[in-house]
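After this come two complexes, each holding chain A, first together with chain B and then together with chain C.
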Partner chain A sequence: MSGDVVDQIFIRAKQWLLSWLAGAPDWIIQVASSLLNIFALLGVFLTLFALISVLERKILGRMQNRYGPNRVGPFGLFQPIADGIKMLIKEDIVPARADKIVHFLAPILIAATAILALGVIPYGRNMTPFAIDGGILFFFAVGSTTELAVFMAGWGSNNKFSMLGAMRAIAQMVSYELPLIITTLPVVMVVGALSPDAIVAAQSSYSFGFVPHWFVTTPWGAAAFVLFFVSGLVESNRTPFDVPEGESEIVAGHMTEYSGFKYATFFMAEYIGMFAISGLTVTLFLGGWHAPIHVLQFIPSYIWFFAKLSALLFVYIWLRGTLPRTRIDHIMNFAWKFMLPMAFTCILAAAVWHYMGRGLAGWLCSLAVIGIVYIALSILLDTRKRFATRTYRFAE
Partner chain B sequence: MIGTGILKGMAVTARNFVGSYFEKDRLITVQYPEERTPLAENYRNFPFLIYDTDDAEAGLRCVACKICEKECPPQCIYIIKSEDKKPDYMGKPQFYPAVFDIDISVCMSCQICVEVCPFEAIKMDKVFELSRRERFDALLQRKRELSKSNTYYHSICPTEAAEVDAKLAEAAAKKKPTPPPAAGSAPAAEPTPAPVI
Partner chain C sequence: MNSVAFILIAILTLAAALAAASLPKLIHAALSFAVTFVGVAAFFFLLGAEFVGLVQIFVYIGAVAVLIVFTILLTGRDAGKDRGFNWGGVAIAIAVFGGLIWAILKTQPLSIAAPPIEALTVRRIGEALMTSYVWPLQCVGVLLTAALIGALILVMNEER
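So, the complex of A and B:
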């Protein structure tokens, strides 16, 4: 079948490359296979990073009725090359009082963790670079190391802005790690596995051939998807949760004392982290690499994955173009008073859905659970002040 | 409800995003080197010296009286008066500047030199693309670069140039009985019509 050939073309290419090593000891083949995966991952995601850095500016520009970068190359598409050269030839300044080793290690660690997290995501049929059973666990374990790297950057720089930025980052990342993981729980519970491949496989069927069994189509899944997405925004320090590097307040937060290529590394790690968390969102809720309609399955699986990923990234940029920066206490309140109860509600709703036979009745009841809690929280947390209409009394 | 405000905001940005591809008048950015907005008539940025006729040397109106040099607030004009004299636009022998330099990096575009010049010899120009590759290139504008014709003045500021011409013609008419104007500078005394740009 020709569709299969295109779908599996990268797998075939890898097998063909590895066939050159036929006869070599097992461990050499293992290492070579891993290296191939790593290079493919880095190649794809660094290209995506370059692309998104220019597209983001163009999209933001359009949202503000500007053109965005359009000078370097056709439609300004070579802008990342110019930016890269600029970053590379800049002087690398290390503050005299900085903790040299920590200051140096922070960007490396942050980039490494961001890239590691990419490894467990299934990008297509048979296309999980490192398929491990506890993939989800691994993802969050690695993802939470970012906090350490951010704090290393803030502490190592020996600068008050860096320190403040790092502390803000830790505060919000730790707070949102909770809803992030708790909203993953219902998926893990329903599927009964921690492996991303199993989760994708669980979303593979269709009702009537056009309603995909993605978890986002269930009420608990939709709620969990939104919560997970918002937590993802915070974890990747994106607007409206970009207080850790609020330019107008604390220069660049933990990146204040970094210049040139180290700064670029931070920047890259941030975007890679964004890709990773979006990739996981796609895997958990949007059916991974499955096509949305049965008849569209002839389109290769990896194209579906990256289409979904791009859609999510567009929403990231869209939000950035829309929302102003949130105040840190509002972020915290939102995490503990809204996100966390809603996340627990998702677990409850998923249980209702599961035990009512995963049918229409379960669907409606789980919607009711989500709806009641959402409305209750909306009323409880509405802190907008309502003023009585003012009556004026004038002197006679 | 929590979140409805955000959705409204996103609708606004989406409308702008999509609109910018379909409604051309949304994108108001002027793509500078290819497109430019017309300069206002009173736009000014750097002085130049006017000459009448076609001869930049002989037709120069400046008589090296050095008033502008004295008045220039940042002192960026440098003039050396000539030894000999040459006939001015009315045929009267006058000194002329042997050297007339303006330091472009010091000039603050205040137009004071223009206001004080009694001979309508120095006016404000409109060229603004004066950047150079090297730091010290073309900082000092010499007499040769500063001299520009009256026609050019008409092309950049038609109204003002016409007024100046009328004023000069009137002054020349008053002094008519005395020596006839030199052949070369005669036409310049009449107000030249503003050229069509």
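So, the complex of A and C:
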């Protein structure tokens, strides 16, 4: 079958490369196989980072009715190369009173954790770089280390802006980690496994050949998807939740005292973290590498994965071009008063769906559960604050 | 292969623990402590206890280490000062170490080989937690809820 060859081309390539080591001891082959995976991951995602950094500026420019970068190369596509060279040859400034070691280690740790999280996501059929049984747990365990790295950056810089930025970042990351993890729970419960491959496999079938069994097509899945996406937005410190680096208030937050390549590392880690969380969203709710319609299965699986990933990334950029920054107390209230109860409701709705036989009746009942809680929450959380038309005393 | 990994992880863990106990700056000690947690998690991975290792990282680095640095941040104005040498701590450490050595030496080695068990999957852990260990799990849940409510009451704005 010719479709199969294209689908498995990267697996074949890896097997062919490893066949050179046929006579070597087992552990050498293991190490070589891991190294190949790592280089492939880094190659793909650093290229994607370079692409997305220029595309984001282009798209934002389009949304704000200006050109965006258009000087280096065709359509400004070589802009990342120019940026990279600029970052590399900049002077690396370390504040005199900084905690040198902590200041140095923070960008390394944050980049390492971001890249590690990429390792457990299934990118295509048989294309999970490191398929471990507790993959989802690994993702969150590694992700929770980011907070420590942000703290190290803030503390090591010995700067009030840095410290304030780090405090804000940790506060919102710790708060939103809760809804983030709790919204993955219904998926894990329904599938009965913590492995990303099993989760993707559970979403593989179709009703009538054109309705995919992705979890986003169920009411609890749709609600959990939205909650997960918003939490992911906060975890990657993107607009409208980018208070940790609010330029107008605290310069650049925990990155204030970083320059040159260290700053670029932070920047890269932020984007890689964004790719990782989007990749997990695709895996959990959007069917991973499965095609949306049965007849489109001839298109290779990795193309579907990266198409879905790109769509999510576009939404990230779109939101950045659309929404203003939220106030920190609003972000916190939203997390604890709305996101968390809704996340628990998703678990309940998933249970209802599961025990009513996963059919249409379960679908409707689970929708009812979500709807009732949503309406009750919106009534309870209504502050009764109504805004009258604003009157200006002097500016008329 | 495994023994080499064991020795490397042991050196890392012990060095980090020693650093946590002896570094002059409190914040460095806290970060070294986090490295110790990573070392312990690596031991779990080496023993094939993947789940426990991941939970170790998740809970101890994601929560406990962050809690420790936050405590340092919010309390100590003198967090950067030299802590001096704590002889009481040394005495307690030696006592604990001695007790452990005594307990380990007293234990008889198992006379029969342990029966081979099937691989411990996440599913089996979940089943065990929800069937045979459901009461301890519920008790922990109640305890944590009580702690959460207590923390909320502590920080709530007092009326008048």
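Everything that follows uses one rule, which is that the second predicted complex is superposed on the first by the 385 of 396 C-alpha atoms of A that agree within 3 Å, B and C clash if a C-alpha of one lies under 4 Å from a C-alpha of the other, contacts with A are read in each partner's own complex, and residues count from 1 in each chain.
In this section, a residue touches a chain if its C-beta (ideal position, glycine included) is under 8 Å from a C-beta of that chain, and two chains touch if they have at least 3 such contacts.
Everything numeric in this text was worked out from a predicted model, so none of it was measured.
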item	value
Which of chain B and chain C A:142 touches, first, second, both or neither	second
Which partner, chain B or chain C, touches more chain A residues	C
First (chain B), second (chain C), both or neither touched by A:99	second
First, second, both or neither for A:54, with chain B first and chain C second	neither
Touch list for chain C against partner chain A, complex	1, 25, 27-28, 31, 34, 50-51, 54-55, 57-58, 61-63, 65-66, 69-70, 73, 121-123
Chain B - residues contacting chain A, complex	1-2, 6, 9-10, 12-14, 16-17, 19-21, 26-29, 31
Chain A to chain B touching residues, read off their complex	59, 62-67, 318-319, 321-323, 338, 374-375, 377-378, 381
In the complex, chain A residues that touch chain C	27, 99, 101-102, 132-134, 137-138, 140-142, 144-145, 147-148, 151-152, 155, 167, 170, 174, 177, 192-195
